[in-house]
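I'd like to ask some things about the structure below.
Note that the chains are named A, B and C in the order they appear, and that numbering of residues resets to 1 at the start of each chain.
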Amino acid sequence: MGLRVTDLSCARGGLPLLEGVSFSLEAGQALVLRGPNGCGKTTLLRTVAGLQPALAGQVDLPPEAIAYAAHADGIKSTLSVAENLAFWAAIYGTSSFEEALDRMNLRALAGRAAQNLSAGQKRRLGLARLLVTGRPLWVLDEPTVSLDTASVALFGDVVRRHLQAGGMALIATHIDLGLPEAEILDLASYKARLPEIGAGTFDEAFL
Amino acid sequence: MISLLTRDLRLALRAGGGFGLGLAFYLILAVLVPLGVGPAPATLALIAPGILWVGALLACLLSLDRIFALDFEDGSLDLLATAPVPLEAVVSIKALAHWLTTGLPLVLISPVMGLLLFLPSEAYLWLILSLTLGTPALSVIGTFGAALTVGLKRGGLLLSLLVLPLYIPTLIFGAEVVSRGAQGLSVSTPLALLAGITAGAVALLPFASALVLRINLR
Amino acid sequence: MASFWEYANPLKFMRTTDWLLPIVTWAAVIVTTVGLVWGFFFTSDDFRQGSTVKIIFLHVPSAMMAINIWVMMLVASLVWLIRRHHVSALAAKAAAPIGLTMTLIGLITGAVWGQPMWGTWWAWDPRLTSFLILFLFYLGYIALWAAIDDPDTGADLTAVLCLVGSVFAVLSRYAAIFWNQGLHQGASLSLAPGTRMDWAYKAPLYTCMVGFGLVFVALLLAGTRTEIRARRMKALVTRERMA
């Protein structure tokens, strides 16, 4: 099972942002998205994850195979670390979150309420959620924000083990995760060309 | 599914969850009305069915914006939308959690409110029954309103404006059951219509709620 | 033959309404003026109600349009949800304030008429109550449009609200009838035999109804044109900002 994205166009705020994006990922591969701020990385990831419809083109991997991690971690501050993970494990129908606690170095924090975690610890908890989803493709939006160097390395290892186990990862990041095998895709070259502005020529998109 | 329900209930019951606010509001309303209208038992008994139902409506309204807003802010909603649970089910569970934390307590405390407002004794059964049948509709309709306004800043006021007109049929039939019961008349017609609205809302509105939620998330 | 949906293209719509709008506007002005002048000055007073009855020439057409406009919004919302024509969504948006105004005219003229007839400005009669509820639905719909920044999201959400609102509006109508059988007379016009109104009244009333319909179409076209322009402006500004 692989991810194949063909001729994908996505829009933000009603305006086409990216067009003709094509790439594919096979089991065990990772792809890192690069590009300046506002070039459409988040939009592309949300489109691949099935949260927003594509303007054109297709993503032929069902959303059921994708685990999405956004800027926001979806952590409930009044629940403990273990409770937060247990909830997602139950939602995804995977039994155990113990291993995820160990691998993201959260064991010592398991009983602590999420509101008492530091930003980096919260991020680790958010990323630990990926491990309990049991889904092959990880779609990660800036996963390393607020992580320290040691945690970045830790997470890099987690991603590598996921890849070695036949998983895939699609990552938008500026920081080197220590994945030399990952391919890099620069989104700047897929910027959508908008039609010329002229009197009396606009269409359904009002451009 | 069950885990989502237990999570929502747990969140509501923990600090800052806002559990009991609706209940307190209901109580305060039952105190304020006699203060405004006067203590005459005959007057209060006459308006009690309406006040109890309008109060339940407003108390429900109070906690609606919490149904999705918190999950939207911390990103849980995005993650739930990509999780292997249909969004229609998420919406229904959220409505159920809202009913368990708001509607059910209102039903349970309503006899006390009836006492404060001199509700005729024949009407108690119908008060409890009509609230039991009607409040689920309030939660489900409210969930639709909450889904509509989830992405909006300061959506709370707009939410009331959108949801209250949708509450009108439920209010009319619900209050009618109690006031007919108080007068010793037959309540079967309004009771059946109330149950019909609840059944229809519970069955159909989650689809509309899930649809608008998807639109708001994209 | 060209498809009807061709006119759903904003540009085609603008070009068509360029010449259509003045025609409809003049027709609306002429028909409404003729109808109202005819109704107000060239009909005899009712033997029971005197000249107060003549407010019917404002009351009935506006009340009729208040409901028709909601139905039009419902159809336009469905067209938007199914076929994704922006003009349809924008037409629904443009229709709402007109419907709100018609509802308000209906309510106010009704109060002015009801005062001498029933001795009260307002009664919680099912018809009156239903109109007040309709007024609230219009308000909610307009408020939702106003609150949402992204135009497509706004179009989608208001369309769903219109659908769900329609169901609840009908439910509320029957609930209100159940709740209180009122003093409002039955429908003023009826196609059944043995109609109660004389042709001397009916003819100007029909003229007024056609006139109000034309006024709505003219306002709707003008409003939709404004919405299309506003939408295009917004798209261009966003584009500028993102470039």
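The rule we apply is simple: a contact is a pair of C-beta atoms (placed from the backbone, for glycine too) under 8 Å apart; a residue touches a chain by one contact, two chains touch by 3 or more.
Everything quoted here is computed from the prediction, not taken from an experiment.
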| item | value |
| --- | --- |
| Chain whose Cα centroid lies nearest the overall Cα centroid | B |
| Pair exhibiting more inter-chain C-beta contacts, B-C or A-C | B-C |
| Chain whose mean Cα position lies farthest from chain A | C |
| Cα-centroid distance, chain A relative to chain B, in whole angstrom | 37 |
| Inter-centroid spacing, chain C versus chain B (mean Cα positions, whole Å) | 32 |
| Distance from the mean Cα position of chain C to that of chain A, given in whole angstrom | 48 |
| Residues of chain B touching at least two other chains | 218 |
| Chain C-touching residues of chain A, taken from the complex the two chains share | 13-15, 17, 38, 194, 197, 200-207 |
| Interfacial residue positions of chain A with respect to chain B in the complex | 46, 49-53, 63-64, 66-68, 70-79, 83, 86-88, 90-93, 129 |
| Parts of chain B lying in touch with chain C, wherever the complex brings them together | 144, 148-149, 151-152, 155, 158, 161-162, 164-166, 168-169, 172-173, 176, 189-190, 193, 197, 205, 208, 211-212, 215-216, 218 |
| Contact set on chain B toward chain A in their complex | 2-4, 7, 10-11, 14-17, 71, 73-85, 217-218 |
| Touching residues on chain C, where the partner in the complex is chain A | 9-11, 85-86, 150-152, 228, 231-232, 234-236, 238-239, 242 |
